[in-house]
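Once you scroll down, you'll see the structures, which are given as structure tokens.
Across the two complexes that follow, subunit A remains constant while its partner is subunit B and subsequently subunit C.
Entry: the complex of A and B
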């Protein structure tokens, strides 16, 4: 004890290097400016280009050039105008169906004691691992002109192309997104309210309409807004199954790729932006309310459900799960049989991709996704850290910039990228790098929000302790903050990787003769009549995403992080 | 080794809220100084301004003769111990203690030596490779202490370091902290809302309220000569007697108390404070002939609380509820029961005289 003390007082002092602290002054401003510039240049600038082209003659900004001619043309051409009504109709119907289906599914997960919940929860998340085209491909195989069920089993003439097909595929695509929100809401709302009402003699129906529904209303609004937004901005499903039934997203694509009418494409983008922006803002507004309701209160135990209730909810959940499984099974099986549904002999022929992309597209997709995963999760973590704990000068402004990407449909952003960067001096245009940047920016919002919510769980004193001990920003970040955010980092990595493997709308305008991506190849293959190969490509993506999820599950377990199910990924 | 630290007219505003209002103090090298005050009075804010995590709104923080308002926290060389320990959960005990030394690029060999010394000082030899989550709260706070003193700070700042711990461990760690301070000769600035802790540890105590310093003095001064009724109430316990000054006596209902030192008091409305242990029990702790008759009252014991070394008796005097403390040994002799009559004596010199009353709301 005393010798320790003597040595303590005798030992030499080391100071903090001045150079380091001098550099440290510039780190936070530099990073802040970098993030602001990133969002300015790769989000605001492309969006500005779209505004310019749609509102100004020849895309030349200036008071005298201001014109509404494009909009006039849009609204007076009945074919293009129809796309707007179609989009609104599809999105409204889809939203209603999704909310009803998911509400009872989430109710079963959060409020009943049925068994097999883990299975159900994993199944309903499955649509996330495939491009939003898998539903349309499967539905065509089942209910299309040569559909297994329509043409073959029932031998009827009806087929699913058009609005019905779009609605069905969008419903199946939106299930996981709505589920996450409604499940969170229903788990958080105090279950004892229901019990209290029931013990006072209210009928189950009354309890449901008077207590359960109202208490979940913010969650319902939020899920509805999100579903509406996802549906109206989706491109993959309507382009495959829509046939002649045009929606805004497919119309933008048609104007740009088939007719080279960039100005009309930009104009329709603005028109698409309005409802999707409104849905986004509604979602943003109510989800704040939802989260303020979800306090850290302990979850009460769910009381055992009545047998009849249990049976019917179990059946119901199996039905929903079955529909999703059928979709995936159809696409996967479809990729291995000779001629669906005539010749069921197994073959790998469809995996000899006839298009120019082929396996190189898969290869490009994988490494683009890896880079997107690493860079995206790292940048959003750094950005979250700078904004949340270091509170830079224009924090609010950067925060606003970071939530904006979620409001911008991928297709619109992609078009903006062409308009903004298709110039010889933007050396990255036409390379995979612009795709990397585009995907990161398009998914920036969710990445940064999950980083921030994770950083909020770290005791601010921990960082202050590091600083008071002489830690500069960089070393504090890498030695303390980064290790403590590991789990969030992995989750964000998976999220970015998955989005990058499966996104269609964001990148469809950015692939080129030399750069192919697997998800886009599906559309190309399907377009050229190689439907089975499209299924095969889709299967490849699903398998790769599943492998990545498995690998990360193992890594997360090894490094002591909580093993997270798919449910944690969005 | 230590240098002088001073606050000069320091204020801190958060928007319209004034968290610290124009305070000044010189802190002597090697001193143990406590900031004591109810929660929300600005203690943490003062500490954070000294460490550099919060900028002063006005005034100066002076260290070793230089204004350090703009010096970044890394350069201030002040150690900090947090209420929440704030250990690095991803590092072992050794790595935690070594963190500050690594930041200073100390050679590995010297770091190892220093860490060994520190662990010996804080009594955690043998726990080197444990992670914080494997330690008890008391052990974690020891690591936090060790980590802070490892960089040999000139000033150690502690923000309610013990308030998250059990009473027993709290008292034990208190001694550890006090001993470290005396042996290492570091200036320690200690923030707490626990008056017992403040009185037990400090050379000087600063009583704070609403961002202002109410009194600065030794624990003895604070306890024996509270400058305001707020302090009389906040530090220790006091009975308050609202009275009126008449003929050099203080009238309180039917009673007229003789009170020492009221000759120069101008105001008519007066508040007397007297600590429960300073009220005597006639014929038990004081003999009847030593009492001034006007200061003797007869009351009924309403509640009797056995607190260990003392027994606290609640009685009602002129509709005011009051307390008197009796050493347990004396209490044993008289065999007092509830509703028994008591004869109490209020010595004139035991009163503190205030012209305004502060009462805690709870």
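Entry: the complex of A and C
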């Protein structure tokens, strides 16, 4: 998020009457309606299908068909009900752990003078470049029943399958997301308050509990809500390391695929939607307050830290960075060794994928991701532009629609797509396009938020000048706005690309015989027990995403914008 | 800027073309639940033998495949099914989702391996097997099991792993075989009163995990995560070839088995191409290639793989396919109530 949010209320004067403004009168409503329709049809309509199937007999809408039988069945069957408690437990514990770990990490980055900050900042962002399954894959290799550390170094019997495994992997998965929020908060809050308290004689502990923590409280809430949401909706990690421990996301999948109970799947989707929607609302409400806390006078000068503080924070950061590096190293090394942990000779065998998809899946994933990247970043930029500078009639409504996808779990959206669009007349069903659309919609929120915050940075007078010189909206957009937001556009592109390469839950219901995706191949390979090949597929995805990030850096440098690294993506 | 815009446009156009490529070949879309590694092999052969077909396949677990079919009932995406458990297949005939088709060479397949009207034609038989890890058995000083009953021994506590019958066809055939074997009166009483549940409850005390797929118990065991994996026979030979320390035990009480069959879908969009593929799928060449993996194929006179015992030397469990197909939902419900925690 960009901190320099310059609210401006400059009203734009369309004083010049020319033929061009005629186009304007038409183009703005057209674009607005297009975006509203897009979100209606590809977000609300699938959600409506899910609601229908869970509340009405046979999915047929009508008063006489209304039934709570599905919910009754859910709440009276003990193992499905357990999934709810499991999900809440996992998410709560994960949230607490993540916030504690990340708070001190962000504190070290924002408030101390330790060296190697760029390194630490880049490392903690790493989980973003891989599907949310690497953590589980690596943890099994390291701490599984025959794990390298547990069984071979420590020689202990330890069972990681279940809640412990899920919590560990979710914590590692959520670090970057929480970090971005807490880092922004901690660097924005006025550090002189702490200094003042200290010079008035407060102990460091008192400063921490009375000044530092309260001033960051909105950031903490917001990060906690986001972590909770990410954990409760994640599918990749629980399905790999959960063992017999079911959570809501895996239970939806099990009901649909094992028992063919689409109605119960839809019902559990609704149940999953409730906590995730609540976490989202909290985040939405709190993040508005966060910005009001940030004063323009905040000074980024950090006083030199005490030696002891410096050493302990450095050690701490190395520890966190080390655990993330170990995860990635395990997966990458695991893809090259013959039989982990029996035979350490190196081999490329695992890259000879024992699956129908294989390399064509990677190829398809790259193409789909490029299209998602281009379309996604373009649509969100246009939407942001129209909303921000032209203030269409129902701006608030569109804004609400476009932040909603963040609250809807990917798996639920995927199920909704099957239910809503699997009709002969939806020609796009079964083609790659439904996957493209699904990924763009699922990640719409962050795309549009970063577009808006970027557009707010463009001086409105530039645009006013363009208009008073006779430029119409289309021209202004392509000649002024687009070039000025090029770096943001590419960042959005990389964000969409990255999400599209790594997303699992949203598209697992949508892959087909004609469209295989690399991230889904990982799940399938792992399901069949080809863990090493699953690692190999992960490694391929990681390499491709890293290449794309490298390209972004080059583009950003060439176009004169400052590369902001991964942190700018969120 | 212009360049970037142009580039973006080009990429879009090219990708549009790619997405809508119309190849000269006839497309056929196949759903299969044969194991990925075999399918890769078979498909190579199929592409050689059927050069004018553009074969597009997806591998789904037994449960997933059924869910796809149900979801796509009004708008079938696939043309045919290749190698899917007969137990599940049988349930889809009354739903009116399959079309009868007797592929070329249908007469060669013995009557017990095909549906009389041609709704499905079985290609192979695969059997349940226990796959222990010899290194783990040695390290923990555990005895080599010889059948299901041995697994009740408390020394195996948390050392066993078995597939979840709801998602895995292998898991289901294991449970079904026990239900039929352990209770002679299984037909005359409700599913939940079957004596085999008591046996399974005992077994559950030793069970480390119920897992989604049928091959994974063997693979996780091979990786040393468990001591004995309840899985199926051919996964053993592929693990052995890769150098894992595994053994093969066909339960002495009788090995449960399942037929895997092909079928044509009603409303298939590429019916002609699908029929060509189904003809190929029961040809001698195809069957010989299945026989490299499967314990037995339905084409008479083809020997199974060399590293597995010959089919006629194995004691197979008495399976009752019509009964287990009819009672599938009930069996799964009972199992889930008892064993999902």
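Everything below uses one rule, namely that the second predicted complex is superposed on the first by the 542 of 570 C-alpha atoms of A that agree within 3 Å, B and C clash if a C-alpha of one lies under 4 Å from a C-alpha of the other, contacts with A are read in each partner's own complex, and residues count from 1 in each chain.
The rule we apply is simple: a residue touches a chain if its C-beta (ideal position, glycine included) is under 8 Å from a C-beta of that chain, and two chains touch if they have at least 3 such contacts.
Source: prediction; values computed, not measured.
J.: Given the touch rule stated above, what does A:59 touch, subunit B (first), subunit C (second), both, or neither?
T.: neither
J.: Have a look at where A:483 lands relative to subunit B and subunit C in the superposition and call it first, second, both or neither.
T.: Both subunit B and subunit C are touched by A:483.
J.: Is A:303 contacted by the first partner subunit B, the second partner subunit C, both or neither?
T.: neither
J.: I'd like to know which partner A:467 touches here: subunit B for first, subunit C for second, both or neither.
T.: first
J.: Is subunit A touched at more residues by subunit B or by subunit C?
T.: Residues of subunit A touched, subunit B against subunit C: more for C.
J.: So which positions on subunit A get touched by both subunit B and subunit C?
T.: 479, 483
J.: List the residues on subunit A that touch subunit B in their complex, please.
T.: 1, 4-5, 7-9, 11-17, 21, 24-25, 459, 461-462, 464-472, 475, 479-480, 483-484
J.: With touch defined as at the start, can you tell me which subunit A residues reach subunit C in the complex?
T.: It comes out as residues 77-79, 82, 140, 144-146, 151, 159, 161, 239, 243-246, 254, 256-260, 262, 338-343, 354-356, 358, 367, 370-371, 374-375, 378, 418-419, 422-424, 429-433, 478-479, 482-483, 486, 511-514, 516, 524-525, 527-531.
J.: Please give the residue numbers of subunit B that touch subunit A in the complex, ascending.
T.: 51, 53, 72-80, 82-84, 86-90, 99-101, 103-106, 110, 113-114, 116-118, 120-121, 144, 147-148, 151-152, 183-184
J.: Sort out for me which residues of subunit C touch subunit A in the complex.
T.: Touching subunit A from subunit C are residues 1, 4-5, 8, 11-12, 15, 18-19, 29-31, 35-37, 39-40, 43, 56-59, 61, 63-64, 66-67, 70-72, 74-75, 77-78, 135-136, 158, 164, 166-167, 208-213, 215-216, 218-220, 223-226, 235, 242-245, 329, 332, 336-337, 340-341.
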